[in-house]
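Structures for review follow.
In what comes next, chain A is part of two complexes: it sits with chain B in the first one and with chain C in the second one.
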Partner chain A sequence: MRRVLWVLILALGLAGAQTVGNEPPPDLPPKVFEIAKKLRCPVCRGESAAESNAGVTEEMRRQIAEMLAEGKTEDEIIQYFVDRYTEWILYEPPKRGLGLVVWLAPVIGLGIFGFGLYSYLRATSRRAAELEGISEEELARAEAELGRDDEGGAPS
Partner chain B sequence: MRALFGVLLALAIGALFWWGMQTKDERSELPSALAGRPAPAFDLELLPSSREAWGERLDLSDYLGKKPIILNFWASWCYPACYEEAPILEATWRRWKDQVLFVGVNTQDELDAAEKFIEQFGISFPNVYDPRGKVGIDYGMYGVPETFAISVEGRVLERFAGTISAEKLESMIREVLP
Partner chain C sequence: MNPGILGNIGLVLAVFFSVAGLVAVVFSWFLRDARYVRVARRSALLAFLGTFVAFGALEWALLTDDFSILYTARNHTSASPTWVKFATLWAALEGSILLWAMLQTLYTWLAGRKMRDYWTSPVALGALFVIQLFFLVNVLFVINPFTPVPNPPADGPGPNPLLQNHWMMAVHPILMYLGFVGLSVPFAYAVAAMVTRRYQTWVSETKWWLIFAWGFLTAAIFAGGWWSYEVLGWGGYWAWDPVENASFIPWLLATAFVHTAMVQERRGLFRSWNFALVTLAFAGTVFGTFLTRSGVIESVHAFAGGPVGPIFLGFLLVILAVGFSLLGRVSSEVRDVGSVNVWSREGLLLFGALVFVVMAFVVILGTLFPLLVEAFNGAKVSVGAPFFNQLFVPLGYAMLVLMALGPLLPWRRAEGETLRVLAWMAVSLVLGTAAGLALGWTLWVSLTVGLFLFNLVALGWLIASPIARKSRALGGVRAGMGSLAWTRRRYGGYLVHFAVALSALAIAFSQSYRLDVQKTLQIGESWQVAGRTITVHALRAVEDPHRYSVIADVEISGMGTRQPRLNYYPTSRTPFASPSVAYTLGKDYYLVLQAFDQENAQWVTLRLVVTPLVLWLWVSAVLMALGTAMILWPARRAARAAAAGEVGA
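Up next, the complex of A and B:
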């Protein structure tokens, strides 16, 4: 009975741990976190304003909530932060200018890799096809010639 | 030929990695959206220690366009950076106070801790209390300490992130003086 109780407590603890951090705090609507996810935390590395617990991101989320309550659109709210921090504040680089390079680089890289792989496979299969087209007689003659070269060409 | 191409490709990838490792993400090198633009105004309650000399509140728009301003964001929890620059700020303010206004913005702090900090360094320039850190976001602040130089026309000329040195502060003052 006691073992069952411990298992139950452990299971409940794990379930609780799973939800911590995934759910937005009850005082802010999920839309706030949706927008905050698109903004960088100014004082962290690799964290969005939705994930970070830094003081500045708490205030960013509070301001997003206030602007939503005022009826501002998502684009207007994001622009508000861009006006203050430049496009650096965007969690994902914009799909234009230098930011476009970041978006296209993986596609270009994949294209180059695909082309290289295709060229290599084509060359290999062509060589194999060439070998298949050679008759037994030709092969025997080539081998004999190679043998003769080896004998004649070997240093004395 | 193919081997040479392989070596060049490996060198190019290596150089790219090396460059990536060298790229600094120093806050002082991050862009400021405000450079050359009008400084955002704010109207905030002053810390109790500033009230006797400066009144209950400080409205920055009363000074913008009239006097050059050095705006410094700080917090008592910002250790050691804010503690290192506090004596420098106070000494420089005493030297230049006839020509430049210094304003401190205490950011996301506890009132008692902020007052203790002011007392510890004998800060005599006005300091406003911004427990939410709203003004910091208006200035595109990355983190405390940060210092902004505002011209007599009320435009942000420069932003400095991190502990400010006496030399840097003097150069910012010379930049904002008419």
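Up next, the complex of A and C:
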């Protein structure tokens, strides 16, 4: 019974893995994977066409290899997939339209967080300047006391 | 007695003692009576023992192949090897939340033992009891693994094959949960600090827990990377997969907080911001669970959906609401005072934290953007590795510069002597970059080499100059080094910084110079590639009780025979490639069996991935763990005495 099960699984599994009967898959030069890395696997989440072993990505890699052999450029090949799947297939969102939002947001985020830090530092310094009546000696003594508890202090 | 009954008894006891502990701390708070805190501590221990019993009951069911409960009937098979049976407990949703709950009760108990302040500890313990009750109630009522199965099957389907393909799966989730749960302790202290209006001391009280959690998160992320490298069969260690990102976000926020906590400890600054950071870091651990358990995202981590997603989302919102509503009061009361010189230790620490916060923002943005666009607009967009890589390159450089300079500068302001080494660092940066360019490396890789040397010079100076100074003062190098033993924690920090610089180097090279190629070879045929000769000697099949494997014997010249294989599991239609990696200090040779001749066993199709310096990534992970351990290890008596002598002298 167990063996029958294995045979069945093997038959099904191999049907999934090797779509073209018992023909060996094509040889793929490094350039194929470089291009495939920029395209997403249409049926997976979080995997590029270079990483996934789904049947559809094996087919994509075969197509890329064929087009490279025909002398097509990388841009032409990527355009071929964009025409078939829309720009969703690109792992790098295009820097225009909706895609531009995701590219600009980090810059805006840096600006907002940076400005937050800047205004915080300005406010604390202003309050420090307003504080009067603390002499340099007192400051120095406090500093020395702080320096005792291990950690952090400048290598002295 | 059977595992199902025992498990439920354990869970009920755990819930009972958690509620008892919660009631005790409420009494203690309102009656101002410290005796109730002692009661709460004992309840915390008993709650932990209850979850431990439940954990043991589930292991009992797994190891004795008892299929009378839901969890084993769905996720277990008697054909698994023993270690897989043991690790199956956290291979699916119910068991992994039970593990999380058990670790949470353990931390509540351990953290409670250390609480000395009878004013804040009722609140901190109360927060921890509420957090553990959330998990326990979920395990008991929503996703109970011990639910009896009316007609127990003779055998089950077994865990996800990807998870039984490598022993790392027994380790990585535990490390991750230890890190996630660890962040609950600083969060609970922060809540207590905000409630009791003691805004300053909580950071030093929870520093140990914070670094403990940070160490486990770091180890877990590297362990996950190594697992993908060894198992997933595409020769990479990080894919910016949403689930990887979900674990990276709390790490980034915790890293920012580790640094800003030092600023608060030392200068009493950044107090409101630290409350925000610790709340976000802890919320990040729940956010990751929501993302992966809710079915919003499909991946190897995404167990069956169900009601857990919305429940975790609710918990996430509660954490944020509690944290930020308390913070509202804090920010109106706390007025930090102190001028900060940008060119000082604290100035650079804050800029470093800014870099980590922006990194976290980028990861959150890139992960959620496709989901948000689809939800609001219906449009489909992809945000993948190229996006994250392009943004992390400049942020990573900023981090490398700041982490070298920060420890060099003294607090408050930089002075002449500390600045001298900067010239040497600048020289090493320029020389390293120029050397890289001369060797024909890309600008980005060369710059990373320069920055690695920049860090190396800084660390070398940090270590050597105090030794030299003490040796002069004490009249001998040995005496000088002996007197520095008590600063071990500082050296732990330096070691972690060194490991980060080393991993940056490994990442730059492995991402830039990777060769990926696929070829079909006849049995006996040789292939000249990447400076090696690859020969296929044989193709054979091996049958195990739980799987069936097809193995190719492939010789790489000078590296022996490798066995890449395809594993077939009864639950999966597609085979799982199990790559074979030849590790070297330079390049790794990574072989995947892609396909083979099923009829005559005459040919195999191999994928070869050659990647430089990946090994150093795992080395740096070990160094980071060592550095963290150095920071955490309690000071010995002799060392304390030495420290006291130092102060007295």
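The definition used in the following text is that the second predicted complex is superposed on the first by the 105 of 156 C-alpha atoms of A that agree within 3 Å, B and C clash if a C-alpha of one lies under 4 Å from a C-alpha of the other, contacts with A are read in each partner's own complex, and residues count from 1 in each chain.
Keep in mind that, in the parts below, a residue touches a chain if its C-beta (ideal position, glycine included) is under 8 Å from a C-beta of that chain, and two chains touch if they have at least 3 such contacts.
The structure displayed is predicted, hence computed values, not measured ones.
In the superposed pair of complexes, A:A140 makes contact with neither chain B nor chain C.
Using the contact criterion defined above for the overlaid structures, shared-chain residue A:R45 touches chain B and also reaches chain C.
Within the superposed three-chain model, A:W88 lies in touch with chain B and with chain C [touch as defined at top]. In the superposed model, A:V56 lies in contact with chain B only, and not with chain C. Contacts of A:P106 after superposition on the shared chain: chain C is touched, whereas chain B is not. Ranked by how many residues of chain A each touches, chain B and chain C are led by C.
Contacts of chain A with chain B, set against its contacts with chain C after fitting on chain A, overlap at residues 45, 86, 88. Residue ranges of chain A in contact with chain B, taken from their complex: 42-43, 45, 55-56, 59-60, 62-63, 81-86, 88.
Within the complex formed with chain A, the chain B residues making contact are 25, 30-34, 107-108, 132-134, 136-143. Taken together, the chain C residues at the contact with chain A in this complex read 232-234, 236, 239-244, 262, 265-266, 269-270, 273, 297-299, 335-340, 342, 345, 350-351, 354, 357-358, 361-362, 365-366, 369, 373, 377, 379-387, 390-391, 409-412, 418, 462, 465-466, 486-487, 489-490, 515-520, 543, 548, 566, 568, 570, 572-575, 577, 594-595, 597-599, 603, 605, 607, 643, 647. Interface residues of chain A facing chain C in the complex, by the touch rule stated above, are 5-6, 9-10, 12-18, 22, 24-30, 32-34, 37-38, 40, 44-48, 50-53, 61, 86-93, 98-99, 101-103, 105-106, 109-110, 113-114, 117, 120-121, 123-125, 127-129, 131, 143, 146, 148, 150-156.
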